[in-house]
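Chain nomenclature is as follows: A, B, C, D, E and F, assigned in order of appearance, with residue numbering initiated at 1 for each chain independently.
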C-alpha cells in the first residue's frame, strides 16, 4: 500500500530529476512514457486495493517526514520569494512573506506537534489519483512530440525540454500528494508546489508576455497560499487538529472555524481561477499547449476545486455553503457569457474550464449527496474531455498555425482525424448521454431548491450550448476525393485516441463508476442503478438506454453519411450567384468575391473588456458576502 | 425643351455642377445623345422647386470626361451607365464598375454608338 | 413492458400527430388570411414527395446531422411517453437542436451559417426558460419525472400561470412562428431564405420536417402537462394555446433576434422567476 | 405502398421557386398574385419556397440576358430531380417585345429546357395556374418515364 | 469580430427582382454593401432604332409592368409635346383615372411586399386581396389586368361607360374602406413599428443631395411631387403632396399608405370632372427634329423621359430615368450600420423597381 | 396585435378564394385574350405585321399565309384595332399554356391577281385547320386543362 503511495508521489519527482539531468531526448522519452505507464498502473492498483484509513508516514533518513515537509515548505516559500524579488513584484513578496511569518508562528508557537497520519485514501482521493495519474500521464506523453515540434518552430539553440519535463512530471507527483494528504500541512505544502510548478511552466517560453503572465499567476496563487495559511490557522484554533479526516468528521464548529474553511475555499477559488481570479488561467494560455491541458484538466485547477470539495462536510448546512454555491454558480454563468465573445480556441477552452469549475464549486456549495456526486462526476468527465480538447487544439495549432476557431473552419477537409476527434470531444462536453452533461443534469436537479443558483445555472447552460455548438459545427467539411491522408505522430495519436475513447466509454460506464466509486461515499446514496440508468426520486438519467438508442442512431447516421459518394455534392446556395474560383462567387463588377462566414460574438452584449470589470466587481462582492456569511 | 440650358465644357463642368449644388439644386440625371461621328452630348438635368435647369456639354468619346460623382454621389450610377453604353471613361468616378454595371463580356459592341446598328434577330 | 408500449405509441403517433397539426396549422393560417388553404394531409404529401427527390448535399456531415436530429427528436418523444425525466427529455431534444445547428454550419453557405448562428441565439433564449419551467414543475411535484405530474390533484396551471406564459415564448420559438421565426421561417420569404434549412434538400429535408413534427408533439406535450387532471380541459388548453400561437403568428411582424434575446430574457425569465419565488414561498 | 404514395404526393406538393429573369414585373406580380387569397395556389399544395434546393417547379418570367442566363442556369442546376420549368409570359417564352434588344438572349429555352410555356403579356394568374397544372401533368409523365 | 459575406440576390425570396448586394456583416450588422446590377438590363432604349415611335409606346409600357400606364403617359406626353399635338381633355382626365388606379395598385402591392419583408405574411395577403379589386377595374375597363395599353399618341384607346364609372366608384369606396381598416396595423402596430421606426433613416439634406425621388424623398420631409406641375389632366384636380418628416422606413410606408387613400380621392375627383369629348387627336407625320424633357410622377417617384427626334419615324434617342434609378444611391447610404434583418425592409422601403432602373 | 380584428373577420367569413380552375369566373367582355384570325376575311395587306409592336406577325401575300408567334405576342390588340377588314379577333379568355412552342400559321386565299382566279380552290378546305406543326400537342394540353375544370 504505502509503496504504491510512494510510487505515485515520488516516482514522478524522481523521473522529473532524471529528465532534467540526463539530457538525452531518447532517455527523456523513455522516462516519460515509462513513468506514465507506471503511474497509470499504480493508480489502478491503488483503486484495486480500495479505500484506506489515514496512515502515518514514517521517517525518511531518520528525519521525521512531517519535519521534512516543514523544511521544504519554507524552502519553497523562499524560492517563491526569490522569484518575487527577481521579477520585482511586491505582491508576491508581500504574500509570501506574510505566509512565511504566519507559517512560522503557526509551526513554532501554535501547533502542538502530535503525530498526524499524513496520507488518506478515501473515494474522493482515489478518484483524483486516477484522474491525475492517467490523464496527466497521457498529457505528458503527448508533450514529447509536441515539444519537439514546438522547439523546432522556435529555433531554440539549446533545448529547454529538460526543464520543461522536470516541472511537468513534478506537477503530477505534487498533485498526487495533494489529493492523498491527510495532514493539512502536507496539503498546504503540495498546494504550494503546484503553485511553483505552474509558475515555471507558464513562464517556460520566456517571452515577455509569458513572464508577465507567469508572474500574475504567481501572485494570485500566493494570495491563495496566504488565504490557505490563514484558513488553516483559524480552523486549527477551533478544532486543534491538523488531521483533515478529523476536521471533516467533526463537521461545522461555529463561526470562526467556518470562516477558516471559508478562507480555505478562497484559496481553492484562486487555484481554480474562479472569477475574479480567472485572469491568471487565461494568461496561462501563453504556455505550450500540454501545459494548458495539464493545468486545465487534471492538475492545478482541480487542486482548487478539490480543496473546496474536500472540506465540503466541514461547512455543510452553513451560510458559507450557500455562499460557495452562489459564487460557483456566478462563475459558471459569467465565464460562459465571457466565452460567447471569444474566437480564440484556447480562450474558449479556458473560459469553459473556469465555468465548469464554477459549476463544481457550486455543487460543493449545494452540499447534498446528489450535488457532491455531480461535482465528482464533473471532475472526472471534465478532465477527460477538456484535456482531449486542449490536445486537439494543440495539434490543430501546430497543423494550421492558428488557434482561432474562425481559422479552423472546414478543418475536416484537411485533417479529418483531428477534426473528428475534436468534434467528438466537443460533443462529450455538450450533449447527453455523455458524462459532462450528465453531471450538469445532476447539478441542475440538485440546485433546484436554490432559486439564485438555479437561475444562474439555467442561463449558463444555455450559454454553454452556444459556444460549443458553433465551434463543433464549423469544423465540419467535405473531404475531396483523393485528398492527402492526415499524418499524426504515434505519441500524439495515442493520447488523443485514448482520451477520446475514454470520454465515450467511461460516460457509458458511468452508472458503474457511480456504483463502485461514488455511492460508498454517502450514507444515503442519491441514486439507485437499474438497467444502466441512474434513478432517484427526483428524476432519472437513463445512461445506457440512451447510449444504445442514440448510439445506434448515430451509427446508422454515420453509415448513411458515409454512403455520401452516391449523393450528389453540390455548391451551396448563393442566391443564384455563380460560384467562381475555389471559395468565391461572382459578385459586383464581375469580380470574384471570397466567401467568408463568421460566427456571431455578440460584441455589444458579451464584450470581454466591458464585462470583465463588472463581473470581477460582482464576484469580489459575492466572495466578501460569502466570507461574511461564514462569520 | 422646358427649362434653362447652360452650355458647359469639359474644363468647367465640375465647377458649374458644384455651383448648382451650392445653389440648392437636386441632380435629377444625365441624358446622352450622339453628337456627330465620334461626339457625345451630355445633358445634366437639375431640379429646384420643380424648376428645371440643364447643363449641356459636348465631348469627344475618346477623351476622358471629368466625373461629377465627387460632387453628387448620386451621379455614380448614371456615369457608370454612360460608361457602359458609350464606352467612354470618367475621371475620378467614386465607384467604377468598369463597363460591368449592366453588361457582361458577351456584349462586344458599344450599344448606343449608332454606327453599330443592331440587326433584328430572327 | 407498459413503458415500452407507450414508447412505441409515442414514436408512431408522434409524426402522425405532428403532421396533422402541421396540416391543420396551414389550413387555419389560410383561413386567417381569407384563403382556402391546402388539404389537411398536405404535410404528409410534402414529406413523401421530399423522400422521392434526388439526394443532394453540400456536405456529407449534413446527412449525419439530419439523421441525428431526427433520431434525437424521436428519442425525446419516446422518453416523454416513457414518462421520463423532464430535464433529460429536454437535453436529449437539445442533441437534435445542436446537430441541426452543426449541420447548417458545416455547409459553406452564408445563409445556413447565419441561420445557424440565429438558431443558437434562439436556443440561448428558450433554454433557460424551459429549464426554469421544469424547476417549477419540480417544486410543485417534488420530482422531475413526468410520472409525478399525473399524480397531482390540481392542475399545474393553477400554480404556474406565469411559467406557462413564459413557456409560450419557448413554444413560439420552437414552432418557428412569428415573431420569432428568424433562423428558418415556414414562409420562406425571409432575408435568410430558409436559414438553417437552406442547404438541406430532398430526403434530408424530409427527415428534418419529421423531426420538427416530433418536436411539435413534444412541446405540446409539455403544455398538456399543465392540465394533467382532466383530459377534456387538457384538450381545451392545448387547442387554445395552439390557436393563440397561430393568431400571434398571423398578427405580428417578424422581430429581430436582438429584440428576442432582450424580450425573452427580461420578460420570460422575469415571469419565470416571479412564479418560482411564489412557488418557493408557497 | 410507400412508393406509390410518394408518386401520388409529387403531384400534390409542387414547391415552386420563382425567378425573375429580367422581366418587367408584370408577370412577376401575377405570379405573386397566384399565392394571394383570391387565387391561393396553396390549395394545390404549392409553396413558394424561394430556394432552388427545395423546389420542384421553376417559374421563370422575363427575358434572358447575358448576365442572368448564368444565374438561371445555376438555379436550375441546384434544383434536385425531378423538376419542371415553366416559362411565363411572352418574354419568358421568346423574349417578347424585347427580343431584338442588344442585351437580350431570348426566351428561357435558350438556356434550360422548358416544360411548359405560358403565353401572355403578362400572363394572367389563371393562366399561371393552368400552367402549373399542365406542368404537373408533365411532371408525372417524366417520373413515369424515369421509373 | 468575424465578417460574414452574404451574396444578397440576384435570386432571393425577399427581393422580387434580380439585383445583387454583396453584404459584409459582423454580428449581423451591415458594414458594407456593394450593389451589382445588370440582371434585368435589356437595352430597350436602343429599340427605338427598329421600332417606330407608335410601337415604342408598347415598349415603354414594358419598362416596368407595375407602373406601365404612367410610363406610357410620360412617353406620349413627350411625343405629343415634340409634335405639338393637342390631347383632348377627356383623354387627359381618363389618363389621370388610370394613372391613379395604377398608383393605387402599385402602392397596395408594395405595402404587401413591405409587410412580407418584415415577416408579416397575413398583412401581405390582406393588401393583395384588396388590390385584386383594382386589378378587376383595370381588366374590365382596359382589357388587361396589368399592362393596360390604353395610351396612344394623342390620347387613349379605351373609354369608360357611365355604368363602368358607377361601378368604379363603388369599388373604390370598398377599397378605401378596406384599406383604412389596415391603417392602424401599418402605422401603429407595435411589432410593425419596432421593425420600421428608426430603421433606414434618411435625413432631409441627404435625401435631397443624393437625389432621392418620390415617396423616399417625401418621407424625408421634402414636398416634391411632379403632379404639382399639373401636367395633363392634373391641372383640373386639387392635389396636395403627402409628406412625412421622420425619414425612416415607417415614414416612407406611411407616405405610400396615405397616397393610396389620396389616389382614390383623385380618382373620384377625376371622374367627377370627366368632360365629354374625343378620345384621341389625330396624329400625322413623324416627330420633328428637337429635344423634349418630360417629367411625371410615378408611384415610385419622378420619372424623366428625354427624347430627341430627327424627323424620321424612329427616334434619335430615347432616354428614360426612372425613380428607382435615383433612389439607389440613397439606399446605398442607408444600408451600412443596419441589421441584416433590416436589409430587406430598407431595400423595399425605396420600392425598388429594378426593371425600371435598368430598362 | 392590432391586426387581430381583420384576421378574426377573415376567419369568420368565407375565404375570398376563387376556386379556379374548378369554377371559372365569367370573363370581362373586352379582355384581350387569345388572338385569332378569321382567315377568310384577311386580305393580306400586312398592316397588322407592320403595326405590331412586338413584330410577331408575318404576312406573306404571295403564299397567302398569316403567321403569328403567339409566344412573342404581347396581347396589346393593336393589330386587331388596325386591321382594315376586322378579321383579327381576341377571345375573352387567355391562351392556354402549352408544352411545346408553336407557330400559328393560317393559310388563306390571297387576293388573286386576276388570272390565277380559280387556282387556289383546292387547298383551302384542308388548310382551315390551324397550326399544322405540333398540332397534336396543342390539342392534348387544353384537353387536360378542360378535364381539370370539370373535376
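One rule holds in what follows: a residue touches a chain if its C-beta (ideal position, glycine included) is under 8 Å from a C-beta of that chain, and two chains touch if they have at least 3 such contacts.
Keep in mind that this is a model prediction, so the values were computed, not measured.
Enquirer: How many hops, at fewest, get you from chain C to chain F via touching chains?
Expert: The fewest touching-chain steps linking chain C to chain F number 1.
Enquirer: What's the farthest chain from chain B if centres are computed as the mean of the Cα atoms?
Expert: Here the answer is chain A, farthest from chain B.
Enquirer: How far is the middle of chain D from the middle of chain F, if each middle is the mean of its Cα atoms, in Å?
Expert: 22
Enquirer: I'd like to verify one number: the distance from the centre of chain B to the centre of chain F, where each centre is the average of its C-alpha atoms, in whole angstrom.
Expert: Centre separation, chain B to chain F: 44 Å.
Enquirer: Quick one: report the Å distance separating chain A from chain C, using the average Cα coordinate of each chain.
Expert: 35
Enquirer: Could you put a whole-Å number on the gap between the CA centroids of chain A and chain D?
Expert: Whole-Å distance between the two chain centres: 59.
Enquirer: Name the residues of chain B that each touch 2 or more other chains.
Expert: Those would be 100, 102-104, 111, 118, 120.
Enquirer: Counting only residues that touch at least 2 other chains, which ones in chain F make the list?
Expert: Where chain F meets two or more other chains at a single residue, that happens at 1-3, 7, 10, 15-17, 19, 53-55, 74-76.
Enquirer: Out of chain C, which residues touch more than one other chain, so two or more?
Expert: Residues 30, 32-37, 54-56, 110-111, 113-114, 117, 188-189, 193, 198-199, 250-252 of chain C each touch two or more of the other chains.
Enquirer: Let me know each pair of chains that touch one another.
Expert: Touching chain pairs, listed by label, come out as A-B, A-C, A-D, A-E, B-D, B-E, C-D, C-E, C-F, D-E, D-F, E-F.
Enquirer: Mind pulling up the chain C residues that touch chain A in the complex?
Expert: 54-61, 63-68, 71-72, 75, 78-79, 84-88, 91-92, 94-95, 97-98, 101-114, 116-117, 120-121, 123-125, 127-129, 131-132, 135, 138-139, 142-145, 193, 198-199, 261, 269, 273, 276-277, 280
Enquirer: Where on chain F does chain D make contact in their complex?
Expert: Within the complex, chain F touches chain D at residues 15-21, 24, 53-55, 69-76, 94-101, 141, 144-145, 148.
Enquirer: Please output the residues of chain B touching chain D within their complex, sorted ascending.
Expert: Against chain D, chain B makes touches at 102-104, 106-107, 109, 111, 118, 120-121.
Enquirer: Hey, which residues of chain D end up touching chain C in the complex?
Expert: 2, 5-10, 12-13, 15, 36-37, 40, 42-45, 47-51, 53-54, 56, 80-82
Enquirer: Provide the residue numbers of chain D that touch chain F in the complex, in ascending order.
Expert: Interface residues on the chain D side: 37-40, 43, 86, 90, 93-97, 99-100, 107, 109, 115-121, 123-127, 129-131, 133-135, 137-138.
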